[in-house]
């Protein structure tokens, strides 16, 4: 095996690990966690204090919507809106389990009503509307509720004439709502058109992972698009592409830096830099009072 | 030599021939001409009657602006405008010969004042403004006069609210006017912006050859871009690219069909089809009277 | 012509009728009455079969190898079609074709996904799976229509946007997203028709429209039944069940208020009578154009926005 | 630091002065007066040299390996610079860099061609020769500025748009042409500065502006003197003569009314004093912004149009 081969293999293994689980493995005890990326044993507290970034290798673990909101918004300023909107089951969908049961389980697991939190809050004192997705709730999939709450957040921005931020984390569309979930792509994109026409700033933050229908709608429509370090972003999933083209993909395929290289995002930020970056962008775009 | 090699070599030779001269060789006598493309000996009259297209191989010879106008516009309808505008020599430029002398020679050779004819005329009864370039006048290079006359033709379209057609044939900018010639790219492109804002139809017809500053300005800005069969179109010239990248280029590089493949033009037309095609496009874009 | 499984009994009966006719001719026996009866029965049977197809069976009609393609409809519905090639940036994606044409007396921009009818054509058209450059070409044509105040007609028949390396590199997701947003801003009427497969974002990227229609046996879904089955059931052979569950038929979508109408297909499917199919489709399109072409652009945009704004079902 | 041919005598004198100082120090002899005289003479000589450079010599300054680049100016003139990468379609051309920043209290979009100072950097930035994707990235940023009402500043230092196969395939000519047209439509002030080489359409593609400035020793031309010489004289060694004939200096262009002003360079050229250069450039830019930022957008567009409309010299 050449060094290059070894290096490639190692990268592939890392990807395989990440595919399996990119959150922190907390099976090694209550106080300790293990980093899936560098295998380091870490103190839970230490990881939490480091914004859920591995202090050893800098790998960015997935975080849920509430943690994200706490990290981005000034303490006590975030006001959740439209939290009462919940999932219906218009198709009475059932696969190996019923949609209703899956939603119930997701609610119990995440203590969230759905895969997105909408609201308004301040970032370094700058009031913004926001929709923050949560991958733990059914893979962050977009159904009617996600589409509605993202749209409502944008309409809140329109009403208050403030910037809008979308933080995405999604495997794609909510299959269990079929065509209704597809239409959320149209609905949210049309809402972005309204933001554009009103000249309001719309920033998207793409986090691990952002795929499918979310990528192909409001995620990639930011006036400024930021990807968080280590995030993977794409339209089609890695496996679907491999099955279609019958060849294996480059190790860095669909990573944030790959997307940067291919001109699809404006900036990459590590977790710690995200809040100041957002604040700076908002301030740079502030219209002079005249 | 494999068949493929032989074929490639043959193509290359054809390109070399075309580079040398793509008009009809009339050295073989007064009545006869030779096709540089297929080597056929042809009766001059026969070629003329065939719109200066080789009756044997269909190769489209270069034609001058007046011939083009006769082919495109309904008989007796074309009215030349701005014909009194002539070349100055603001830089008092001289290389191996003075610019003044070169212009005088070009005038004598072509019986034209400059490398473009502007005017208005009817195409199957549809009134349009037009600027038709002539490669025989100093390689159809764009200096102040060409830029001005193209712009004036566009302003005529604006004034009369009629479509505008530009037929291009140019090696690029008129070096002897240096920065003034560069500015003609800006001037003509700004004029296209005015056409756009007025919602007027602007069609460009790219003929052999269209390169450099003309390609990078009004030529590629048509709402509809048509290339004439056999035309070569590009930004940088073949030789400049070969020198830069130090490899030889595909035989069909920068041909009309190459540009079509690479998504840069809407349509390709042979010479006979050009007039009906233009008329059809104009009629399709006619606004309903209401 | 390819024969689908559920078409076989019908083909059998028709064969029988044909045999009877031949016997009658050679023997001189008069079996006219019998043939008539048989034919009536055959028709009844056929009607019954096609009225009771499962979603999975209708999927087969929607994907029929002989189903009319975009270019077939263009040929049969329009005059003066002039294709406008390319994205002006490096590619002329053949999976999406578009141009200007007249439908009756009306100049339109007509755009659609194109499929092939044989292997060679399928390679040319990439099985109707567009690259980002195809969506960008479509956007260029949308803007052309907008500028010259022409209605836009899109015909959609795609298994989805192409999932390839280059497609990801050149921003497939972005290309579709931008089309969704920009279609919302158009000042001209947009009429979209799902003619065969309307699969996923790849279909939607041409279908944010004032009126959306489906051909009777076409389907429109967020994910192919096969894809859904292999993800949710972890078993691609459950595609039939998935097709049921996903509610992908034209009747389902009309019921959900996603589409504005269904264009009936000739008995047996669109491929059985190209002319009738094209003609009926043309009538539907022209009716929509007449309805929409005098609506002022602001109202048009607002109505389009509100239409999509309302889509989705949830509890509050 | 690389030393140009005509800089050598000056460097010699400075060496002499240095030697004298050393001798004085080691010997204790007082030669202050002599050194002062020498230094005065050296300065006089330098001033004279730089006031009488030929166009070909100034070309060397414009192309100096240590000449400040776009990113140097960004660092020295702006705060809060945030680069905006990519064309959103498949490429982030490094030969054109752009982003948002503050110049003094004003948010701007600043875009420029970037050159390297060593081989590695030059490969990264492709010697400052943009691909079509670079121009399309610039256009995206122009539209961003337009949307958020920010002035646009472009800094240009390029030997031209890249002449390569892929550049031709992906529509180099079209990309430049579209920028020329779209810059004409912008509703915000556009200020362009030729900081080094301003060569051909590749430079103009960022330079359709309300105000165009040149650094003193920069040049702006339709074709490089070398290219011109090899075409017109059929002899590349005639580049010096071509440089004269083409009238490419900042003074020539000011005289022709093509540019609006010249920004003086520090004695010896911009590379001799980055800070002073950046500061003087910033002042010029800010003056233009203050002049333009309250002009209403329609007037701005009209004035810009009329400015280019008038360019050209001919007989009538």
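Chains here go by letter, A, B, C and D, matching the order in which they are written, and residues are numbered from 1 within each.
Note that a contact is a pair of C-beta atoms (placed from the backbone, for glycine too) under 8 Å apart; a residue touches a chain by one contact, two chains touch by 3 or more.
Quantities reported herein were computed from a predicted structural model and do not represent experimental measurements.
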Contact-pair count is greater, between A-D and B-D, for B-D
Averaging only over C-alpha atoms, locate the centres of subunit B and subunit D and give their separation in whole Å.
33
Measuring from the mean C-alpha position of subunit C to the mean C-alpha position of subunit D, what distance in angstrom results?
54
Let me have the rounded angstrom distance from the C-alpha centre of subunit A over to the C-alpha centre of subunit D, please.
41
Mind checking the centre-to-centre distance between subunit A and subunit B? Centres are C-alpha means, answer in whole Å.
52
By the touch definition above, subunit B meets two or more other chains at residues 196, 220, 262-264
Touching at least 2 other chains, the residues of subunit C are 88-90, 169-171, 174
Give the pairs of chains that touch; include all such pairs.
A-C, A-D, B-C, B-D, C-D
How about subunit B: which of its residues touch subunit D in the complex?
84-88, 90-91, 93-96, 143-145, 147-148, 151, 173, 175-187, 189-194, 196-197, 212-213, 215-221, 234-237, 240-241, 244-245, 249, 253-254, 262-264
Which residues of subunit D touch subunit A in the complex?
80, 82-93, 100-102, 107, 133, 137, 144, 147-149
Which residues of subunit D touch subunit B once you look at their complex with the stated criterion?
161-165, 167-174, 176-178, 180-182, 184-185, 200-201, 204-205, 208, 220-223, 227-228, 231-234, 242, 245-248, 252-253, 256, 258, 304-305, 308-309, 311-316
Using the touch rule from the top, collect the residues of subunit A that touch subunit D in their complex.
196, 199, 201, 220, 223-224, 260-267, 277, 280-281, 283-287
What residues of subunit C sit close enough to touch subunit D in their complex?
88-90, 132, 136, 169-171, 174-175
